[in-house]
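Heads up, the thing below is written out as structure tokens.
Naming follows writing order (A, B, C and D), and every chain is counted from residue 1.
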Amino acid sequence: MWDSEYAAQLLPAFLPAFAVTIGATITGFMLAVLFGLLFAIAGRSAAAPVRWASRSVVEFIRSTPLLVQAFFLYYSVPMLTPVAMPAFATGVLALGLHYGTYMSEVFRSGIDAVPRGQWEASTALHLSKRKTWISVILPQAIPPVIPVMGNYLIVIFKETPTLMAITLVELLLTAKTEASATYRVFEPYTIVGLLFLAVSLIFSLGIRRLEKKWSFGRENEKGGLR
Amino acid sequence: MITQIEKQWYDESAENEAGHALSPSLRPAGGKPIVRFRSVRKSFGELPVLKGIDLDIYPGEKIALIGPSGSGKTTLGRMLMTLEEPTAGTILIDGEPLWAMEKNGKPVRANEKHLQKMRGKVGMVFQHFHLFPHMSVLKNVTLAPRSVLKLSKEEAEELAVAMLRKVGLEDKLHVYPSQLSGGQKQRVAIARALVMQPKIMVFDEVTSALDPELVGEVLSVIKEIAKEGQMAMLLITHEMEFAREVADRVIFGAEGLIVEEGKPEQIFTNPRSERLQAFLQRFL
Amino acid sequence: MRKAFAVLVAVPMLLASACGNNGGDTDTLTQAKKQGYITVGFANERPYAYKDENGNLTGEAVEIAKVILERLGVKEVKGELTEFTSLIAGLQAERFDMITAGMFINEDRCKAVKFADPEYSIGEALAVKAGNPLGLTSYTAIAGQPEVKVAVMAGAVEVDYLKASGVKEEQMLQVPDQDAAVSALQSGRADAMTMTGPALQSRLEAAGDSSLERVAEFEQPLVEGKSVRGYGATAFRLSDEAFQAAYNAELSKMKESGELLDILQQFGFTEQELPQDATAEQLCGG
Amino acid sequence: MNAPWLDWLPMLLDGTLITIQVALLSAVVSIVLSALAGLGSLSRYAVVRLISRAYVELFRACSLLVLLFWVYFALPFLQIELSKLMAGVLAIGLNIGAYGAEIVRSSVSAVSGGQREAGIALNLSGTQRMLRVILPQAAVRMVPPFGNLMIELLKSTSLVYFITLSDLTYEAMVLRNNYYVWTPYIFGLLLLIYFLISSCISLVSRLLERRLAVWR
């Protein structure tokens, strides 16, 4: 049932695919942070229509599956517009948009945690809206939520296999192609399963330690219990 | 870690020889104490909170336990209510050990079943009430009689309504705790504990969390109950006037030890130790 | 499967159903006759085996199988939708009892399944942007232009033919289904797409896109010097000789009576696509 | 030039029914597992706590799609061959159950220690304290995050497309095969249907929370 010699042969085939998975994870994560910030800031903008639009886009994207969003971006957009991005670009865009909505919630809680006074102080110093955000609000809002953002890095990593539906040759698709070529299914899927498990566990342990170190640090700053 | 069970806990007659002899005048007319603390010690990690407590409480006796915060007063009450386990020493209720039990002849650490058997004799009212927010006032008071005393719905409600009338809240039966004032909540908590007819009731600083103007209504309820007599009461409080008026005996504790003990008159008018004098300075 | 969606509730039921249908060694055909139905694996590929607009299972391989099975005493055919690359694994795991997907016969597959005689024989086809700007008329032409990308169905025989013609892995955009191939060509992600003749024809008609065009004078790829004309057939488990023999008998009757051609023509095949008298054994390199 | 919406409805409806069936079955499995592992991680017995913690850590760390593939394609090699529906329900149930267990654990431990102590003071037994005092209050806290989790569950049912279970997503792909030119509209409609079902879930969750929190 388990043939380790065959399993060993598989590893070299998985290496490039693993690189694609990691590449998609990191790029997707960065896009998610970007979109998250945009959604969070738009969600607080003075103009009501902007606020309303951003909130309903976030609500819609959060309530629909990543897989169907990927299909839409990869197969429908080229039929509606001249734009036809390759699988990797479409995939990371789908991840970025989908998890950007989750990031915007994380940033919103971080921004809400910044005391009211900071806004008033910035207005008192008549800093521009942009300056207020960049040098006053965000530097205080983001650090505390970094551990939570780290969790989403793992979540995105675990969601990358969904992108094989739009022909992104990542880990799981490589295992599937391998399995269909040799009719030996057990080894490829078990290896990929263990790989995902190991990376997620290691990542989450790292983040938990970061969380403890970080919260401990912040306690000293503010003295009282977090 | 089996609490360190002293050899002589079987020996009923052993006198309380730890330091402050119990002057006969203080001991009520005969009868065995319903609660005995025998060199009880408690420390949280390295921090010693109680450094050897010897205390007897007699049936129906009203004891006021006063002293600076951090003196271990609340810990004493919580140990009686099985919420904290002593690090050393023994607590006896009706002559039976609370935190130890006998298993084929040998003293061994009490299990949940034994604790459950003993707890029925003890009641407690908390500083922060801890009413069940998702139950109406009536249900708060009838829950234990029905689930623990296995009373029928009617019997439990009858008892509950009577008790709630005693604390002046019979018109709030179907109200949720979130709609009551602090004073009303505490009175419901008292009714809830009383309805189980414990032999001794611990009042753990029950007025400290209340706004000043609500303290009176709670204290008058406790005075009422004290007058009825049969239930022993351990009143952990900072209300000196109230203690003086209600208590049969006042115990002053500090840094985990009983420093002085005596009749309210003697404790409040001519305290012997400077520690107590300094303490009373701040209140009177 | 859609009709009988029995709602199984709670974990114990899950465990109970986990024993799966290991099926005794009785012959699959006799078992199918007893049950009154047989389950076939298909991959949703026009015109071989697919669900039409109102969800009915049809297609060249399915219709032929229905006729033969009817004559063998099996009234009903149920379809088990499976991705093309998992059809053989599914058959072996007894998720279904035969493959009616117009699957090409080749040596590798003969080791895993027992093919009936072929129902049709067709060549490959290629579609490109209108006017064939890159002059792609064969697989070797694709190999000649390394930056050209060709969309091909993952796990299909065309992948092997492309490799045999010198096309490198990076040039191939392996897609999960026919529509993904059309989309790849339309969106310019691929410069060409390759499928079997009838499949390509039906996809181009469905897409109705004048900017796409079928390469008229397409040279069939050569593998070890032989033209790689493909032969599609129904497949059985290796243990089902009796079933295969009975199936072949009925199939050859249909060839003589011309019934086979009628069905094929309904799905866009022509006389050239008839299997003549090729047999599974020959094609398996027996 | 308008799309033949009506022709698509029968198949999309069939797909929706399968999606809802998978979602409901997975929801049952995930809720049972959440309760077991959630309460288990708080139990007095170290062994129970260990098993619950291990289940939560393991199934939160693995990728659902990889788990689904493993359950459907690799398990038969261990003589456990599940149908598409069962494989989907099992994988989704196990994965979502792990997240649910975290919600249960955090909601129960958020109920103030004072409530537990008040229960002890009234001599209620451990089970009585849990059932009558702690759980009713924790339940209200659980509803909103569980509502979101059920939306995550609905979204993950779309992954059964990969094992060709003809749910809403797969039926849409079959439709695309028959109406290729209308692909954008089909996927747009698909997104809309998922959005509608999600909105129903969050509506039910809000109603449930209001009903449970009448005492607040």
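Just so we're on the same page, a contact is a pair of C-beta atoms (placed from the backbone, for glycine too) under 8 Å apart; a residue touches a chain by one contact, two chains touch by 3 or more.
The model shown is predicted, which means the values in this text are computed figures rather than measured ones.
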item: Dominant chain pairing [most C-beta pairs in contact]; value: A-D
item: Most centrally placed chain, judged by C-alpha centres; value: D
item: Rounded Å distance, chain B centre to chain C centre (Cα mean); value: 83
item: Chain A-chain B separation of Cα centroids, rounded to whole Å; value: 55
item: Distance between the centres, which are taken as Cα means, of chain D and chain C, whole angstrom; value: 36
item: For chain A paired with chain C, centre-to-centre distance based on mean C-alpha positions, whole Å; value: 39
item: Multi-partner residues of chain A (each touching 2 or more other chains); value: 75, 79, 165, 176, 179, 185
item: Per-residue overlap in chain B, given as positions that touch at least 2 other chains; value: none
item: Two or more partner chains touched - positions in chain C; value: 86, 89, 179, 183
item: Chains that touch, pairwise; value: A-C, A-D, B-D, C-D
item: Contacting residues of chain A [partner chain D, same complex]; value: 1, 60, 62-69, 71-72, 75-77, 79-80, 154, 157-162, 165, 172, 175-176, 179, 185-186, 189-190, 192-193, 196-197, 200-201, 204
item: Residues of chain D touching chain A in the complex; value: 57-58, 60-67, 69-70, 73-74, 77-78, 151, 154-156, 158-159, 161-162, 169, 172, 176, 183-184, 187-188, 190-191, 194-195, 198-199, 202
item: Interfacial residue positions of chain C with respect to chain A in the complex; value: 85-86, 88-89, 92, 112, 154-155, 173-176, 179-180, 183-184, 186-189
item: Chain A to chain C touching residues, read off their complex; value: 74-75, 78-79, 84, 86-87, 165, 167, 169, 176-177, 179-181, 183, 185
item: Parts of chain C lying in touch with chain D, wherever the complex brings them together; value: 1-2, 5, 7-11, 14, 17-18, 20-21, 44, 46, 50-55, 81-83, 86, 89, 93-95, 177-179, 182-183, 203, 206-208
